[in-house]
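Structures incoming, each one as structure tokens.
In the two complexes below, subunit A is the common chain; its partner is subunit B in one and subunit C in the other.
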Partner chain A sequence: MNALIVSALLGVLMMFSGILLKQKKALRNVAIAGMVLLLMLNVLEMAGIVLFKIDTKGMMVFDRFALLFTTIAFASTLLYLLLSARDMEKVGINYAEYFALIFFILCGITLTASFKSLLILFLGIEIISIPLYILTGSDKKNLKSNEASLKYFLLGSFSTGLLLMGIALIYGARGTFYTNDITVFTEAKPSALIVAGMLLVLFSMSFKVSAAPFHFWTPDVYDGAPTVFTSFMATIVKAAFFIAFIRLFDDAFGLLQSKWQLLVAIITVATLFIGNITAVFQQSVKRMLAYSSIAQAGFMMLSLFAMNTDAKEGLLLYTAAYSLATIGIFAVLIKMNDYSFDGFNGFARQQPLLAATTTIFLLSLAGIPLTGGFLAKFYMLKAVMISGDHLWLVIVAIFMAAISVYYYFRVIQAMYFKEGDSPPIEVSRGFKWTLVLLAALVILLGIFPSLLLNWLYF
Partner chain B sequence: MVPLLLILIPLLTGLTAFFIKNEKAVRSWVLLSSGLTLSISLLGLTVLKEDKFLQFQCEWLQTLGSSFSVRLDGMGQLLCLLNAVAYPLILLATWNSSYKKSHNFFALMLLAQAGMMGVFLAMDALLFYFFWELALIPMYFLCSIWGGEKRIAVTFKFFIYTFVGSLLMLIGILFIYSHSPSHSFDIASFYEIHISSKQQQLVFWLFFIAFAIKMPIFPFHTWQPDTYEQAPTATTMVLSGVMVKMGVFGLIRWLLPVVPVASYQWGDVITTMAIIGMIYASLIAIQQDDLKRLVAYSSIAHIGLMCAAIFAENQSGMQGVMIQMFNHGINIIGLWIVVEIIERQFGTRKISELGGLAQKAPAMALLFVIVALANLALPLTNAFPGEFLMFNGLFNSLVTKYSVWFTAFAGISIILAAVYTLNMIRKVFYGNMNELTATVRDVRSNEKLALGIIVILIFCIGVYPQALLNVTKEFSEAIVKKADILPLFRGH
Partner chain C sequence: MPINYYIFLSVALFCIGIVGVLTRRNAIIIFMCIELMLNAVNLLLVAFSKMHYKTALLAGDAATTAGTDGQLFVFFIMVVAAAEVSVGLAIIVMMYRNIHSVDVNFLNRLKH
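Now for the complex of A and B:
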């Protein structure tokens, strides 16, 4: 509850500080200070200190799972701001508004992490999506950015329409928006209405997390959006949608698992396949990362498929590991002059520290042990393995992970083993140290995941 | 405490080495570190023999059912010793080779050593997998940065091969874990697993492919000659001397006792594959003109015999494999040292371009001939007891009907080994000198020292193998007993 109120207030505050503060540095510092405050208040809430008490009539519940995820999301956003806030200056003149929109998105994330009612879910998704449409198109003079924004807006509103229709059908069947009440039925055969509603919701959510075959918007939007915002969209926002996804299906449709499990399996396999195979053929690192985010979404879908304790723990770990690593890579990518693979040639000679940290992030995304990415993938596979006889899915996922090594390692190969003479880039000391911190976190998660996951219980 | 130190010393010194920019300083630092590791390993073997020194366990990933559990048992002792002996030898022998950014080179070498130590010591499947991959990553960078002309593509092939293998193993580990009674990754619970024969076969192949790629066993060997050829020689020594033992080791510790029924069912197929590989690799070795590739193929042949002997599933074969793992490690490092000297002097590895080295470099010739003869398993050299035990095991195996045939065909490869080894010696060291080889200079003192140590080890173990055999005796007995499936039949 702390985070919900404060993030909305901070969004408003940022909009006004855009008028009052003329210096960009001051704006940035206000935003980062606000982010720190938000994170601290959220951690306080985990410790039991709640500043605002509002009766939500049970439509929201701030349980451990929700709070831990929002903490992960806020911490990632803080790191993201520390790394990339400076680069937002280059996007356009509305510097303060970008921060305001990000805070509004965080408000939406709080909603989607803790909803108990389909209305709140819908509200959260809209609060996340609308600022995203704006951020995607924020590079106003760039045709690609405009195109991406329009595409995202049209397809996004279409899928939101599907979601609403699904919610309406479910309401028609059960007469309630409360997710917990949707499952409580004893009839042997669920009505067609509720199954149809569930499918619509499933498709709409698949769109939001860019699972195949609803992924077509992703590469274009991620590629067209200003790279700073792609970083935010592809990590924290995507993670938030996933949390909403698993929460919804766990609460509302858990008992219907037999109805949707096969469908989810198909979506998972398709996502893994399309994401990984297409990523192999990309020439631009940015586009490769867009497809890689689809591929990683495929892995996260496994948690939905398995739907047990391991899956939920693993998803939290996955969102943390994936967000940290991807934010780090994007932060480096933004600094590059050339987004193609060749642009990274000889990078290790020029910037040894940046290259080393990027390597750690890439290893994490590829799922090499000792990084958070490995344990995250491991949790997913383990969850599927103990959920029953689904060895085939594990094998498919493993082979796709092996393919992913190819495109992640292409960047490593370019950085370390190839000679290149791209013009030198300049980075500040603070940027370097933040990257090192990020890399350290990725490794720490890979060795002691319990540091994160214990928060779920204690 | 000992196992923990064996992992931590190379790990920490390796990480420090990244920051020592002076080449001479980093070399001395690495030598110091590897000397320390060697002495710890020897201490563990001789003085600190009580259990409390030889194992270490602490909580780690508790919710996953995994713990940081390391122990030095017989096979662990032997392979850690090999790992610890190999590094000082390699450093000594390549003291004069210089590398660009040498601090990174040596740091990665030490990290690889730490990874391999971990593989040999881990008593927890997840930990084992961790180290298995960790040993691979430094190797990938070592070969790709400091390797030969085609290094990037070749190393990537090597990496993808082994990575796919280890991922398959990961599925196997997860499968056993999900069927283990106590839901734990501990090796003890892996040994107690009860799964049907069909499930055992699945697990068997998931694990076997990973190990077969690492060893390598025909037909999974295609990465190996290219990688050995392209990698910097010091790295090749680590790869062929120590790292391939990870595969053999994996078969013995994680495959045979965990899925004995499937090992019995597929034993004949595997042995056949191994023996085809032995003969095939030997035939190719005869045709090779490149010294590095010749040694690489000879290594495939030797490893094939070890694989066949493991699936003989008896004490003699198992003990032979144990001692041979150690011997093969030091012998092949000896071969590489000479190849490295030749390549550095003449800039070529082609046998056809060399000749008559013995005339001006008698010491090199003498030392090399001894190592090469050891590679042939001549009596009095270290490989003889190992190969004898393995052949004995293969011949007397109770788990196969074709033991005579297996032994006969495996024996052919010994003859072929003599053909290519002696041929190489003749062409490179004897005969007429040409313009290129007239400039030869004999081995330097550091190289002489490294080769001398190897030769001493060759003779010591050749004359008195019992010292090493005693180390692994109990362990081999335990493994053979666990792999024995006859009690299962008697029970029904």
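Now for the complex of A and C:
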């Protein structure tokens, strides 16, 4: 509850400071200070100190799972602001408003992490989506940015329509929006209304997390959006949609698992296949990362398929490892002059520290041991193994992870083993240290995942 | 009237919306079709809300509040749809300023 109210207030505060403060450095500092405050209040709530006590009639519940996820999301956003806030200046003139929109998105993330009613789920998804449409199109003179934002807007509202129809059908069948009451059946068989509603909600959520065959908007939107905002969209927002997805299907449709499990398995395999195979053929690193985010979504879908304690723990670890690593790579990518693979030629000689940290992030995404990405993938596969006789799915996932090594290592190969003469890039000392901190966190998660996951229980 | 009529009407409206989104090429018309989908949902929610109210009334609960949450949801959908319209039209206008067209067939720069 702390985070929900304070993030909305901070959004309004940033809008006003855009009028009062003319210096960009001051605005940036206000935003970072606000982010630190938000993170601290959320950690305080985990320790039991709640500043605002509001009766939500059971429509939201701030349990350990929700609070731990929001803490991960806020910490990632803080690191994202520290690394990339300076680069938002280049996007356009509305510097303060970008921060305001990011705080509003965080408010939506708090809703999607803690909903117990389909109404809150809908509001959360929309509060995340609408600011994102604006951020995608914030580079107003750039046609690619315009196109990406229009595409994202049309497809996003289309999938919201599907979600609402699903919710309406479920309401017709059950007469309630509370997720816990939806599958408490008195009759033996679920009605056709509720199954149809569930399928519509499944399709719409697959749209939001860019799972195949609903992924087609992702590469275009991620490629067209300003790179600073792609970084935010591909990491924290995507993780929030996944948390909403697993919470919804755990609470509302857990008892109907036999009806959707096969469908989720098909979506998972399709996502892994399309994401990984298409990423191999990309020439631009930004577009490769867009496809890689589809491939990683395939791995996160495994947690939905398995739906047990390990899956939920694993999903939290996965969101942390994936967000941190991808934010790091994007932060370096923003600084590059050329987004193609050739742009990274000879990068190790020019910027040894940046190249080393980027290598760690790429290794984590590929799932090499001693990094967070490896343990996250391991948890997912373990959850699938425990959930029953699904060895084939594990084998497919491991095979796809092996393919992903190819395109991640292409960047490492370009940095270390190729000669290049791209013009040198300027980075500040603070940027370097934050990047080192990020790499240290990625490795720490890979060695001691219990540091994070213990928070779920104590 | 039986609830089936309302369900058929709103599903028909919803399907018209989906077909419109998939086949039309003008961004404004696609947007109108999306609004049609949302309004089909509103109609369905209100119909179901009355249905649940009547069921509770017939079950003997005179002071029932069953079904009010469905109508509340409709207000939230209206508000969110209005917010979406304001952002969406701004995006379409921004597009029009740059390429003097709102045809989505122009949206193919990102493919290559």
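By definition in this document, the second predicted complex is superposed on the first by the 457 of 458 C-alpha atoms of A that agree within 3 Å, B and C clash if a C-alpha of one lies under 4 Å from a C-alpha of the other, contacts with A are read in each partner's own complex, and residues count from 1 in each chain.
One rule holds for everything that comes next: contacts are C-beta pairs under 8 Å (C-beta built on N, C-alpha and C of every residue); 3 or more make two chains touch, one makes a residue touch a chain.
If you're wondering where the values come from, they're calculated on a predicted model, not measured in any experiment.
In this superposed model built on subunit A, subunit B and subunit C occupy separate space and fit side by side. When the shared chain is aligned, subunit B comes close enough to touch A:Leu381, but subunit C does not. Of the two partner chains, subunit C is the only one touched by A:Gly137; subunit B is not.
In the superposed pair of complexes, A:Ser157 makes contact with subunit C only, with no contact to subunit B.
Of the two partner chains placed by the overlay, only subunit B lies in contact with A:Phe409; subunit C stays clear of it. In the superposed model, A:Gly175 makes contact with subunit C only, not with subunit B.
When the two structures are aligned on their common chain, the gap between the nearest CA atoms of subunit B and subunit C comes to 28 Å.
On subunit A, the surface touched by subunit B in one complex and the surface touched by subunit C in the other have no residue in common. Here subunit A touches subunit B in the complex through residues 313, 363, 368-370, 374-375, 378-379, 381-382, 385-386, 391, 394-395, 398-399, 401-402, 405-406, 409, 413, 416-418, 448-450, 453, going by the rule given at the top. Contact residues on subunit C toward subunit A in their complex (touch as defined above): 3, 7, 10, 14, 17-18, 21, 27, 30-31, 34, 37-38, 40-41, 44-45, 48, 51-52, 55, 66-67, 69-70, 72-73, 76-77, 80, 83-84, 87-88, 91-92, 94-95, 98-99, 104, 106-107, 109-111.
Only residues 119, 122-123, 126, 130, 133-134, 137, 140-141, 143-144, 146-151, 153-154, 157-158, 160-161, 164-165, 167-169, 171-172, 175-177, 219-220, 223-224 of subunit A touch subunit C when the two sit together in their complex.
Every residue of subunit B that touches subunit A in the complex is listed here, in rising order: 60-64, 126, 129-130, 133-134, 137, 141, 144-145, 151-152, 156, 159-160, 163-164, 167-168, 170-171, 174-175, 177-178, 202.
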